[in-house]
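Before anything else, here is the set of structures, which you'll find just below.
Two complexes come next, and they have one chain in common, subunit A, joined by subunit B in the first and subunit C in the second.
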Partner chain A sequence: MKGYRRYFLNKLLWLLVTAVFAFLLNFTLPRLMPGDPVAAIVSRLAQGMSNSTGMKAVYEQYATQFGTNKPIIEQFFLYVGNVFKGNFGSSFSQFPRPVIDILKSSIWWTVGLQFPAIIVGWIIGNILGVLAAYIRKGFDKVIMPVSLFISNLPAFGMAVILLVIFAVDLKWFPTSGGYGFDLIPEFSWRFIWSVIVHYQLPFWSIVLIAIGGQAIGMRSMSIYELNADYVKYARFLGIKDRKIVGYVFRNAMLPQITGLALAIGTMVGGALVAEIIFSYPGLGTTLLTAIQGQDYPLISAVTLIITVMVLIANFTLEIIYGLIDPRIKAAQSD
Partner chain B sequence: MGKVMLEVNELTTKYITRFNEDVYAVDHVSLKVEEGKSLGIAGESGCGKSTLALSLMGYYFSPLHYTSGEIIIDGQNITGMNPDAVRKSILGNEIAYIPQAAMNALNPTQKIINFIEDVVQAHDPKVSKKEIYELARERFEVLGLPKEVLQRYPVELSGGMKQRTVIATSVILEPKILIADEPSSALDVTSQKMVIKMLRYMMEKGYVKAMIFITHELPLLYNVTDDIMVMYAGQIVEKGSAQQTVFDPIHPYAKGLMGSIIVPESGLKDSKLTAIPGTPPNLKKPPEGCRFAERCKYVTPECKRFPVDMKYVEGNRSYRCIFSEEHLRKAYQNG
Partner chain C sequence: MKHTLQQIFHSSKFLTGFVIFMSILLVTIFYPLFVPNPPLEIIAQGSFFPPGTYVSNYDAVFSSTAYTLNLPDASAKRIAAKLGNKERSDIKDYLIKVGVPADQIDTTNTTQLLDQWTKNYDPKANIPGMIFSQQRYYQRLDKSLAGLLSSEGLIIAAKNVDTGALEQVGMINQNDYVNIKEVASVRTLPLGTDNFGRDVLTELVKATSVSLEIGLIAGTIATLIGLILGLLAGYIGGAVDDVIMFITNLFTVIPSFVLLILISYSVGQEHRGAVMVATVIGFTSWVWTTRSVRSQVISLRNRDHVNLSKLSGHSLVYIITHDILPYIASYVVMAFILQISSAILAEASLSILGLGPKTSEVPTLGLMMNWAMIYQAQILGKWWAYFPVLLVIALITFSMNLMNTGMDQVFNPALRD
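Presenting the complex of A and B:
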């Protein structure tokens, strides 16, 4: 257990170091965008105003309120302090709505969509992969090319294909939104049903891609493991094939856990795009409107949340990794 | 003569390659091992020793396929039995196997005790975990392994420990026959000695009734086994007692093989080491006649014409050559 504690502390330290850099980048990058958002707000508010001193006063007031007139270092520490208090400031584009408010209404849509989709895709993909490796023959000949094909489609490509086929042509599912536009969020069967119907296309567009990638990786890992000496030995001791497939599954799965961490990582780049295509009311859509409106408190808040989610997911997986693979622990305790 | 534990008659197995070619790596092999005896199988790399070990288990999976012949374990013919029945009632509890690469023979993500549980329960699901633990602990202690090993993962054991763990696990169900495929080839000399002692001890204790020991290290074979069989290109070329086969081989290949090693015995001090020129034949298209003819010093056109049968000679020995024993002896004396 001592080895494991050391492993845990080591990973925790890395989590903290990465988090610091994530904060720094999150703060800096949106501020490198050209254009002055305060000026944009002021010009919107001061439409028709001809008094330049008045406009200057309005500008100064907003600059003070947003803190954009302070040195950048001070702004950073203010930002970090506020983030820990849960205060992400006010949105520029939906001023004066607080950023935290916007996030609260969108984050659960994203979490509810992405995590189940990635996990389901990962599990189905791995099972198909190990079966393809074990059964071989016809099953493998179908799974393999299909997986290769769909795993190479970009997330938005898959989303568009599903959209055209099932929403536009067949009209089985709605084309966009998280629930019917004529409904208000409430605990009624009608609303829940509407959410479920709207959920399907974005969900499957992410699941299908995850299945493809995971199945390919799992298949080759399993073929490798099935030829390992321990499989032959276990067979000759009379252990049932089903049990041996279990051994193989566990060992082949280890690199796939890294794959899961990466899949959660690519949620940012790939799968958020699916949200945008279906106008799903999650972080992806919020991020898109924030970028269009040069709304950098909102942009940093969204990217920060995504980064933190990825960091936590990776950290959790590494901890699980240490628990299920004794070799990792052994290597760390040296 | 003791009770025959393992009898193999004309066993032939083949590999089917990716290109659907047949490779007969074990070709009409017959052997007999009596209770309390051990049989050594010698030969150079690629001669079919390891394939023979796999074939003897009576449980085949791709790319190895059964072709013909029979395997009789303690009077029970296991050829033609349903593979699942072989798995359940033969493998592990009648005939057990120690693999060539014991280093990688254990599942890296499983504790030793859990693996032993799987082995025991594969044959009898009713045995409780507690009983299995007691059995394993006792067996490990007898074989000089601390009981803590049971709670370890393979990665936490040294090479010698893993090897001994594999041996102890193989015999946990007290199989009648143990087939050891180069169990010591990856170990240093001290560990090798330990393994050999352990194998002998298991015979004495009665955990195994008979043993087949495969190695290319002839001195080891001479020290461990009662009888030795020499294989060449999938066939047996000579069979006899360990003493006779090592010090007085009849077949030209066996002669060459024994000449290429050092046996630390008096009287051999000044003999020279010799190598056998050439390489073994391709088993996809084995030669019609004697398979060793291409490399044999004493070859005649007659050798390559027809398949050669085993000749039985005095002292319970046999060899596969068209020449008589006297002829060969004379030829060896003349160099």
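Presenting the complex of A and C:
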């Protein structure tokens, strides 16, 4: 257990370091942008105002309110402090709505959509990968090229294709949104059903993409394992094939967990764009409106939330991995 | 070297990928030679003209020879084009609404149906339960049906310059035909036009070549950074390795997509050309190459031939270029291929978010996708605006990945079939 604790603390420290770094990036990069967003707001508000002292007063009031007239270091500490209080400032494009309010209404849609989809895709992909490696002839010939082609389709491409086939042509599912446009979020069967129906297409487009990539990786891993000595030995002993595949699956699975931890960032990125195609009310769509509205508090908050989500997912996977793989405990207690 | 190349080209996967990729590349090179039209020229007034051959109406009327063909099914075709099954049933619905008994309406009897229609249709009538768009639909339908059954020709009249009166200059009979080769102005748009009225095919070819360029620039930058960092970390080791690995691990967990968004946004719209976007993508995607190059170098570092080289007093640069690089060259090439394809995807994703290269100069695959999405081509059923783009993206990445898998099988015997 001591070895595991060291592993855990090591990973926790790493989580903190990356989080700090993510904060820094999120704070600095949008502020390097040319142009003054406060000036943009003021010019929008002060349309038709001819008095320049009045405009200056308005500008200064907003500069104080947004804190853009303070030195950059002070702004950073203010920012970090505020983020921990859950205060991301006010949105520029939907002024005076606070950013946290916008995030609260969109984050659960993204979490509810992406993580189940990625996990389901991962599981199905791995099973198909092992089967492809085990059966090889025939099955391998079909599954491999198909998953190779599917995984090469960008997530938004899959989203568009599913949208056109199932929503526009067959009209089985709605084309956009997270629930019917005539409903308000409430706890009723009608609303829940509407959410489920709207959920299907974005969900399956992410799942299908994840399946493709995972199946390919799992197939190569399993082929390595199938050639390992223990498999040959087990075959000599006359152990049933079904059982051997089970062993191979478990051994090939371990690297796949690390693979998932490393790929989750890319997957989330792709899935965010898929959300946009369906105008799903999650972070992806929020990000799009923020970019269109030149709304840097919102952009910075969305990217920060996404980064933190990915970091936590990563951390969780590594913790699970440490629990499953005995080699980690052994390596740490040396 | 020659032997390796031979081996690679024997792999069917690599060969398929190579052929697909080369055909795309050749099309982007040769198409502009045959069709020199500027790719972003707006030729259509209006958006999303369907694919097909467009014949100038004016030139067709005045083409030198008029041919008379007596085709028996011509008038039936003409009626069917205007009056399909849907229109017939719509007419029936209308007639029932204005009080014609349903059993008197026969949708297959064209003459009777049109007769009933002209008798009962009143564009000003207010039919309960009919929404405005339906009213407009019937008005349009009525207009298109006018003169459908007439068997006389049309008179062409021109305005007399002096008097302003119309004078007959020609007559088009229903059985007059033109040979399309004799019409002065004909333009084939194999993929129609996009939302701005530009020729999709010409635009797509240009977009493909720009996207490939973006992939190439980004891939080169990423591979170079990855190679240099990986070599330094792996070969020198120690503190250099620690620092490089710290940075690499940092950028592994922070999603590169987020970095891409933040940097592209910070660069600002004015400075975001295709090359700029490619550079940004290159600078955010070197992590994987660094990791794999480093682990390769570490396993090579203590091999006998490297030690021998060190003992012989060769310089660091010599050892790296002569004793290490040749051994990892295949990995680097494979990584480079993957970088190109993922850079093309990254550009497309960025463009959909509205952070792609500045518009109005060159198209890219991502921008074309973005335009199609903004103008809702997918919901309006204008497949030619987005499907060819998706297909090209998928084909490029597919061919690159096939090449990569093919090479992997050559260099990794365990994966061979």
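Side notes on the structure shown:
Throughout what follows, the second predicted complex is superposed on the first by the 323 of 334 C-alpha atoms of A that agree within 3 Å, B and C clash if a C-alpha of one lies under 4 Å from a C-alpha of the other, contacts with A are read in each partner's own complex, and residues count from 1 in each chain.
To be clear about the criterion, a contact is a pair of C-beta atoms (placed from the backbone, for glycine too) under 8 Å apart; a residue touches a chain by one contact, two chains touch by 3 or more.
Remember, it's a predicted structure, so these values are computed and weren't measured experimentally.
In the three-chain model built by superposing on subunit A, subunit B and subunit C fit together without any clash.
By the document's definition of touching, of the two partners only subunit C reaches A:L32; subunit B does not.
Once chain A of one complex is fitted onto chain A of the other, the partner contacts of A:G86 are absent, as it touches neither subunit B nor subunit C. Within the superposed three-chain model, A:I276 lies in touch with subunit C and out of touch with subunit B [touch as defined at top].
Ranked by how many residues of subunit A each touches, subunit B and subunit C are led by C.
Shared-chain residue A:P71: touches no atom of subunit B or subunit C.
Of the two partner chains placed by the overlay, only subunit C lies in contact with A:F21; subunit B stays clear of it.
By the touch criterion defined above, A:P96 lies against neither subunit B nor subunit C after alignment on the C-alpha atoms of chain A. Of the two partner chains placed by the overlay, only subunit B lies in contact with A:N251; subunit C stays clear of it.
By the touch criterion defined above, A:D325 reaches subunit B but does not reach subunit C.
In the superposition on chain A, A:Q292 makes contact with subunit C only, not with subunit B. After the two structures are overlaid on chain A, the closest C-alpha atoms of subunit B and subunit C sit 8 Å apart. Here subunit A touches subunit B in the complex through residues 228-230, 232-240, 243, 247, 250-251, 254, 324-327, 330, going by the rule given at the top. Residue ranges of subunit B in contact with subunit A, taken from their complex: 57, 59, 61, 87-88, 90-93, 96-97, 99-101, 104-110, 115, 118-119, 122-123, 153, 155-156, 166, 169-170.
The residues of subunit A lying in touch with subunit C in their complex are 14, 17-18, 21-22, 25-26, 29-35, 136, 148-149, 151-154, 156-157, 160-161, 163-164, 168, 175, 220, 223-224, 227, 262, 265-266, 268-270, 272-273, 276-277, 287-288, 291-292, 296, 299-300, 303, 306-307, 310-311, 314. Those residues of subunit C that touch subunit A in the complex are listed here as 249-250, 252-259, 261-263, 265-268, 270-271, 341, 345, 348-349, 352-355, 369, 373, 378-379, 381, 383, 386, 390, 393-394, 397-398, 401-402, 405, 414-415, 417.
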